[in-house]
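Read through the structures below before going on.
Two complexes come next, and they have one chain in common, chain A, joined by chain B in the first and chain C in the second.
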Partner chain A sequence: MNRSPIKLLVLTLAPALLGLAVFRAYPIGLALYESLYTTIGGERAFIGLGNYLDLLTDAGFWKSLRVTLWFNLIINPLQVALALALALMFVQKLPGMAVFRLLFLIPIGISLPVAVIIWRIVLLPEGFLNGVLGGVGLGPYRFLTSPDFALYSIIAIATWKGVSYWMIFLVGGLQNIPPEIGEAARLEGASPWQRLWLITLPLLRPTLLFVLVADVTINFLLFAPVFMLTGGGPRGSTNVLMYEAYKSGFVFGDMGRAMAIVVCLVALLLVIVGIQFRLLSSAPPKETP
Partner chain B sequence: MTRLPILTTALAIGLATTAHAQTTLTILMIEGLDKGAMEAVAAQYMQDRADVKVEIQSLPWNQFFQVSEMRLKSGDAAVDLIYTDAPVVAAYAANGYIQPFDAAVADEAKAKLVAPSVTAGTYDGKLYSLPMNSSAQVLYYNVDLLKAAGVTPPNGLTKGSVANPDAIATLASTDRWTFEQIAEAAKAVSGSEGGKAKPWGFAFEQFAELYQLQPLGGSLGSDLISADAMTADSYLNGEAWTKAATWWSDLFNSWNVSPRSLGFGEAAQMFTNGQLAMFVGGTWNVAAVAQSSINFGIAPHPKFADGKAATPTGSWYLSVTKASPDAAAATDFAHYAALSDQGTDIWFDKLNQLPTTNRLLDKINADNSFDAFPASVMRLSAWESRNTAVARPVTVAFSQLQDAFRTAFTDIANGVAVDEALATAVDSYDQAAKRLNRK
Partner chain C sequence: MSSLELRGLRKHFGPVEIISGVELKIAEGELVVFVGPSGCGKSTLLRLIAGLETVSAGEVLIGGRDVTKVDPAKRGVAMVFQSYALFPHMTVRQNMGFGMRVNRVPKAEAAVKIEQAAALLQLTPLLERKPAQLSGGQRQRVAIGRALVRQPDVFLFDEPLSNLDAELRVQMRTELLALHARLGATMIYVTHDQIEAMTLADRIVVLRAGRVEQIGAPLELYDDPDNLFVAGFLGSPRMNFLPAEVQPDGRLRPDGMSVDLPSPVDGLEPGCRVVVGCRPENVELTDTGAIQASIKSVEQLGNATFVHADCGAGLAVAAELRQRWSLSGQTTLRFNLPIAQTQVFDADTGLRIRK
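Let's turn to the complex of A and B:
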């Protein structure tokens, strides 16, 4: 029996590869292709890199890019750090942990649009949060309509929704670390802080890498809260690139510009994810015998 | 040899069927009262033309523009006629979604319709869309709330009043309240409570919308964009608009007399609940307000003290799609609905919206049935449409202009500096205009 493993490999990988081709490669290819076209006088016209050259001098695009980068610079470290802290608490065997676990799993069960609607009610000037703050003599604050608050309100909502989800992955990673290692370190006299920095985090690195990459990707493409709560305003303070692309394509019918923005976004994501891979997936230093 | 006669008969039947084949026209439009009116027009049209069947597909307002844009963009031959909001005519024409009417129809339209409504349907010198009706905005005021605040209400049309054409002309040309008077009255009603314990003083029905607020700058003599539609610089950020936007900003940020952001229909609802003393809104609210127990009046649209009267106008149009396989039949229906006496009469009777034909406007002016309140409001609207109406600008980048305007005026209401908000809007529009006008 001379069976080639290649055939088996192809056969088993085919569904995944097909999905990747249809749902990932094809849309990216299509976006690239469409970004080279525009409509002039009702006729579709090839303009090469014209849409990209326009973006270079497009103040709206650059402002949106700045908002996207600032948003991600805050939300990604925040979400990963909070998810890690929650995961570390989650695996502790303390009294009352069942309630804690239940509380933090609730956001996962709520769909993003529903969560956004609930948060809108909480954050409105006459909403719950201002009611509570008013009780102690503060506010009212315009959490969704003030340029100083709106982006941070979006960050808070997305974080509330996302943290528990990423926590689940980190809990899985933590439970994969053999408990003997930590136990041995404890017997050697390592403090809890040392055990976290020197044992838990290095061993959690593959999971952390996945969470970081997936979280960054999702947050760069975040759309629903902006669409539902702020419409990119006030003063463009929440106008992330995804929303700018949506408006360009589906509100203004300027599909060429929308696709050029999407391609820039994908390119930016590829660079950032590439850097993350380089920083986090380097092999751990070899032990000297 | 029986085959030949059978074959001949079959052929004859086939030919006969072809000769009487029905042309089906499909109209894509918004749901609601407009659809009912279009059904009535179509029913009468089909009675006279047995070979044509008119079908109406409707979409909710919030999906209409997106879905119709997609269907038009894809060259969907199943749509023959598209209900077209006035300001998107230029973009639809420039994108090749709709086709122009021939010179005969265009000449007839010019002869029968008021000029601004023909202008708004024209792009690049050709008539692309025929107006179904127009619109007008008036000032609604709560007599009791104003009096309780020590304010003498404006002169206007009130319950039991009768206004002949001369009285309407006098009211609109000499007795129009100013935005400065509105502000003072609103402050008297709201006090420093900002609508918390007291009612709100004043609101515009369509919050921060270009259609609604264009008269602010218009009253001070400024357009929104240049005549060639290439730039908004020194128009939207010019002296007049800066003054207009500052007045708007003060409503929320200094005087605290107007609620920030109102959903569709909320202004009329607050007014009929006694929570709002005055609002500028469409004449379509008259019926609902008249049914309430509020002691109210209707005055002409305000203007600035050192400005001229300018009022919103324009509404829905009907256009023949470029992809229509039955363009001639579709053109005939559009002509019937928008220009024929029978079609326009049915539309007006069913929808009771401000007409665009000189014939119906003359009728409103002359017919005694429009003397009494609230029918007299239609007469006031007709006067405004002929004397003070300012159409929205015709530009292929209208969607972008509207969005930039809405963003700027929402931001201003939320405390962003007027100069900064207007400069951002000008940048957004200029970028879009440059991109969409490239040859």
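Let's turn to the complex of A and C:
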């Protein structure tokens, strides 16, 4: 039977395209559409770019944006650096590595809500961590209720949960580098640091790019730990844009503002991801036939 | 260039011994080939010399200096890997200059060395290309060039031609020989390809299961093997082996046959079990031959003809003829094994009987 390749292409791509349309394109379109409306006295009203213009002078939005950017400025390099360090340890053939691998894979198997609850117990003023610190004469600290600590506690929890996950990708990338390349560098006299900087990291670049982009995306859209632990507080210190959008839409009922915030967040994310792609990706050299 | 010596070298991974007490002396400027079947430990032996594997017992001496515990970079060796192991994100120039870069050799000096090596290996027009833009042969030359600029005491080659096609392999073999002649460098070359071993080596080291089976010049090993393994490993088609029993008159009767063959060695004990070996090119096809066999296949190579035949009792014999030969309806043939070209091995130990 002679089938048209177009039909075959459509048939094979249809499930993926359908999923993309329903779960990606439709929500984006809906967010864009809803961001052009507001609710006045229970009635929806079209206000064009009104929600966006309001955000320009909205102190709450700008503060939330600053929190989001600061949060991401810390968590993304931290997570990628830790994941890389762990991945480099993960691939070493040293005694005791099996235990190390098991320990660092545990967080992947724990769901985020469960992890958040466990960490809440650990970080409470009368919790485990303060107990340990108290033993050496420190604290107690209000890890979740102090504006000085809350954001960093969220960063620590999200990092604990995320690092192992990103580590797995980097381990895959490292294992994809032929061992002879490292051995050749070693024979040439390169020190371990030189091998890391001059050989491993450049060859790991495609994996690092993926991890960085995916990590930034997830962290820009982080919601659950803030929702479960701090509710954006204390004094807005953990009020990231996703939580600000949630409050706006589901607590204060202003879905138009919520959608405008989400659209701004996604636009910001696209710009950042675009820059990352530009900086980290490079066209492979043309292969000889 | 330097001499190299291995003293009682052993390597085990857990309980498994991979290299079992290898003793070897390689003279300055010698090209020695390690050859053996897959898993015989030849690459491991090379890696032990390079320092990429730790030695379980024994010593590695380069130029008389014990380097057993010396860092690979400080042993004065350069290695060319089977997969080339070029740095894919670097140009040919950067690849060749990598060692000098990390060792902080002045740029001008490094540039001169790179240019010289590139000229020697005809890589000058390719210096700014990356490995992905090169053919297999060019990549291999870059890998050799990278080794060359280090001016090592000993060059180590780990199956460097096995990723190349047959024609390129022949060409690279010739180039390697020319390079060795020009540099006069000490080289160790690992291969499973006996033709590479025979054509390249000053001396061949035949390895099996981590042990040295025999060391010698290529033709010495081919003509005068110490045991069944070496006799069977070198040569294609391999040497014909006929299990036989020594008769009371000292002649040898191959299993399943009713003819006795004259023995090339005297004093064999009647009744003892031996293996008679004869290379295919020495099998003498003649209508009056003492042994009859049924023809299984004929391979015409143009310059030679290989006839594969069955002598019965599962004994296969191959004969190589220098002239063209066709079956023309023939199903059997007769042949002799000339006494001067047959060898006898102990059937139990596999060792050559040279009495």
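In this section, the second predicted complex is superposed on the first by the 272 of 289 C-alpha atoms of A that agree within 3 Å, B and C clash if a C-alpha of one lies under 4 Å from a C-alpha of the other, contacts with A are read in each partner's own complex, and residues count from 1 in each chain.
Assume a residue touches a chain if its C-beta (ideal position, glycine included) is under 8 Å from a C-beta of that chain, and two chains touch if they have at least 3 such contacts.
This structure is a prediction, so every number in the text was calculated from the model and none was measured.
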| item | value |
| --- | --- |
| First, second, both or neither for A:Gln276, with chain B first and chain C second | neither |
| Touched partner set for A:Pro147, first chain B, second chain C, both or neither | first |
| Chain B or chain C, by number of chain A residues touched | B |
| Chain A partner contacts - residues on chain C that touch it in the complex | 50-52, 72-74, 77-79, 81-83, 85-89, 98-99, 102-103, 129-130, 132-135, 146, 150 |
| In the complex with chain A, residue positions of chain B that touch it | 66, 69, 73, 91, 94-97, 260-261, 322, 397, 399-400, 403, 407, 410-411, 414-416, 420-421, 424, 427-428, 431-432, 435-436, 438-439 |
| Touch list for chain A against partner chain B, complex | 38-43, 54, 58-60, 125, 142, 145-147, 231-236, 247, 250-254, 257 |
| In the complex with chain C, residue positions of chain A that touch it | 178, 180-181, 183-191, 194, 198-199, 202-203, 284-288 |
